[in-house]
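So, here come the structures, one by one.
Consider the two complexes below, in which chain A is the common component and chain B and chain C are the respective partners.
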Partner chain A sequence: MKVKVVTKILEANDRIALENRRLFDKAGVFVVNLMSAPGAGKTSVLEKTLAQGTGLRIGVIEGDIAGSDDAERIEKFGIPVVQINTGGACHLDANMIYEALGDLPLAGLDLLFIENVGNLVCPAEFKVGEDMKVMLLSVTEGHDKPLKYPLMFQESSALILNKMDLVPHTDVDISKIRKDALSLNPALKIFEVSCRTGEGIGEWAAWLGGQARKG
Partner chain B sequence: MHEVSIAQSIIEIVSGQCRKGGYSGITSIRVRIGRASGIMPDALLFAFDAIKVESPATGAVLEIEEVCVSGRCRDCGRDFSVEEEYVLNCPLCGGPAFEIKTGREMEIIDMEVTE
Partner chain C sequence: MKVKVVTKILEANDRIALENRRLFDKAGVFVVNLMSAPGAGKTSVLEKTLAQGTGLRIGVIEGDIAGSDDAERIEKFGIPVVQINTGGACHLDANMIYEALGDLPLAGLDLLFIENVGNLVCPAEFKVGEDMKVMLLSVTEGHDKPLKYPLMFQESSALILNKMDLVPHTDVDISKIRKDALSLNPALKIFEVSCRTGEGIGEWAAWLGGQARKG
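The block that comes next holds the complex of A and B.
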């Protein structure tokens, strides 16, 4: 006998993401889901953003398969941070975030960063209740990435090109990254930064602060 | 890459419906997966077969209907469908303005059950 199901496969995740979003909105917290390949510099960009200062009360959720190195780096700034270990899963999902919320003083925050597991594929598919997705691409990863991983570029509101100080030592074509990324997502806001030299961090932090204040 | 999570969700959804309907088991499940959803059909089939044991879907075959990326060009007004996972320009006239209509699907259509 045939039974109609007609259900979105990720319906359960999307439902929890909506609940997270409701809790974030109620607490007045702007939430950024930060995604990139491993080693692109997500934690470094967070450190530089925190050091730069945005005038906002910031909290961080660190997602990693294992370990707490990233949370320890953020803890030095004296802000609330929670480490999630996915125990093998290649992305954070809405329920992992929901369970971490009890450990965060949400009402005392303006901005929450969720640093996703390093991976250019899966995190783009799982909503966690964020207001905005931001992706990082380090220039050493190459200019072919927008067309190889289109979903991540399409889903993000902003793209941070990190390690710009290394451009002279590589064959990377930044204009191709810009052109392909903007073809995939014409509304994408692109920042060129270097965590090493501090280039571009001020512009990124100012834009982020503006987005968070707008809610 | 997250095909195991997707397989897990499929099994949870159909197992729930199977119990609710009082059926004894599931023999097949049809799902619709868009080419731009980031899911590899072979990996999904592999993951599904690996984790279906001890669920009401243990004897079930997963049938995947792939959906091409398609859309309509705002310049030439024509409908198009492509083999790639993304569209940068209208494949018919080269125009940059188009709307995507299909390709991101990830849904369960129906299942065959035994009473």
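The block that comes next holds the complex of A and C.
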């Protein structure tokens, strides 16, 4: 019975996600659904990407259970940002995004980041109308994560390995992460970055800009 | 409508959790529901606690979306362990635990650890019949987590701050984590540990043993 309920919720969600997608296409905006476990550095990667510059007009939707810390960090860049508080829900769904779109100047954007709630499971199941899913994994989370949370690795177009500066202080095996992630998703594009040192941000931002321009 | 569905699921869950609790009380076993984000170190803390020794007969239920890596790590200690694969669900629920209990020698245990799926959100909403919830936070996840994931901090009796050895290599503010966590839950017991160096494990294990004996 539980499975039936979940199926119905997912079907309703996918219909609204399609409607969002129509609005995004009409406005000519490329949409990235950014996902990770809590504290992997989604907002930090956004900050570094915005600071790096992509030549694109960027907007951001921030998703959190509670609080507006992340939206305040992004607002400092002077770009449009909307904070969604899910009030307990562990992921963003298409309807939450639909209701936030009225507060964004979509037609004036080239790229919209949707920063999902920190969670390696449910966000991967709920489409929001995005062009592309991108996931972050902090290297401190360990090399067993691809095989333990396979759906997110399968659904994502790109994997950003963040906090690479901490590798020497841990026992993490980056080659195992790469091998297992690619076995789940051979087309996965992998970036090794550190928001602290700036390593790899330029390569990621250049690739992202190319994807957005291809649309 | 979605809220109604969630309420019904939670009501059904709580009935089964009560039944689990009756079985635990009858067997005289103290049950800890161990929760954290992915990669915070739940299995490592279990390993270190088992290695430290508590004088208690301990069993473990491992919850994961997929895989049996964690159960294999615990099995090396020669204690009873059951692996639950949720097949996609982002948390353990009471029924999953109920179905696993047949595979455990409950009457021969003093303490049962239930290691939940790595997720800072949903596990806090689903009782499984535990005596106590304990959460881990890896310091690398950052000091903004208590205010962003308040329910888990409110529901837990103890907070284990893990990977303390990495603090000097990050910008994390431990005093802010303590302050915000205690503002959400003034009774929260906080332990600072490092599974890598062993720091703080003795204090945690001693406290846990005391709780289980009071049980």
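Note that the second predicted complex is superposed on the first by the 206 of 215 C-alpha atoms of A that agree within 3 Å, B and C clash if a C-alpha of one lies under 4 Å from a C-alpha of the other, contacts with A are read in each partner's own complex, and residues count from 1 in each chain.
Here, contacts are C-beta pairs under 8 Å (C-beta built on N, C-alpha and C of every residue); 3 or more make two chains touch, one makes a residue touch a chain.
Because the structure is predicted, anything quoted here is derived from the model rather than measured.
Colleague: Looking at A:147, would you say it contacts chain B, chain C, both, or neither? Reply first, second, both or neither.
Modeller: Both partners, chain B and chain C.
Colleague: After lining up the shared chain so the two structures overlap, which partner does A:64 touch, if you call chain B first and chain C second: first, second, both or neither?
Modeller: Touch status of A:64: second partner only.
Colleague: Is it chain B or chain C that touches the larger share of residues in chain A?
Modeller: When the residues of chain A touched by each partner are counted, C comes out ahead.
Colleague: Does chain B (first) or chain C (second) touch A:19, or do both, or does neither?
Modeller: Neither partner.
Colleague: Examine A:11 and indicate which partner it touches, taking first as chain B and second as chain C; both and neither are also allowed.
Modeller: The answer is first: A:11 touches chain B but not chain C.
Colleague: Name the contact category of A:173: first (chain B only), second (chain C only), both, or neither.
Modeller: Neither partner.
Colleague: Between chain B and chain C, whom does A:183 touch in the aligned arrangement: first, second, both, or neither?
Modeller: Once the two structures are laid over each other on A, A:183 reaches chain B alone.
Colleague: Let me test your reading of the model: by the given contact rule, A:121 touches which partner, first (chain B), second (chain C), both or neither?
Modeller: both
Colleague: So, A:37: does it touch chain B (first), chain C (second), both, or neither?
Modeller: Touch status of A:37: second partner only.
Colleague: What is the shared patch of chain A, the residues that chain B and chain C both contact?
Modeller: 2, 5, 9, 90, 119, 121-122, 125, 147, 150-151
Colleague: Would you pull the chain B residues touching chain A in the complex into a rising list?
Modeller: Against chain A, chain B makes touches at 1-2, 5-6, 9-10, 12-14, 17, 21, 23, 29, 31, 36-38, 85-86, 88-89, 96, 106-115.
Colleague: Once bound in the complex, which stretches of chain C touch chain A?
Modeller: 2, 5, 9, 37-40, 64-67, 69, 88-90, 117-122, 125, 138, 140-142, 144-145, 147-151, 163, 165-166, 169-171, 196
Colleague: What part of chain A is in contact with chain B in the complex they form?
Modeller: Checking each residue of chain A against chain B gives 1-13, 89-91, 93, 119, 121-122, 124-126, 147, 150-151, 154, 180, 183-184.
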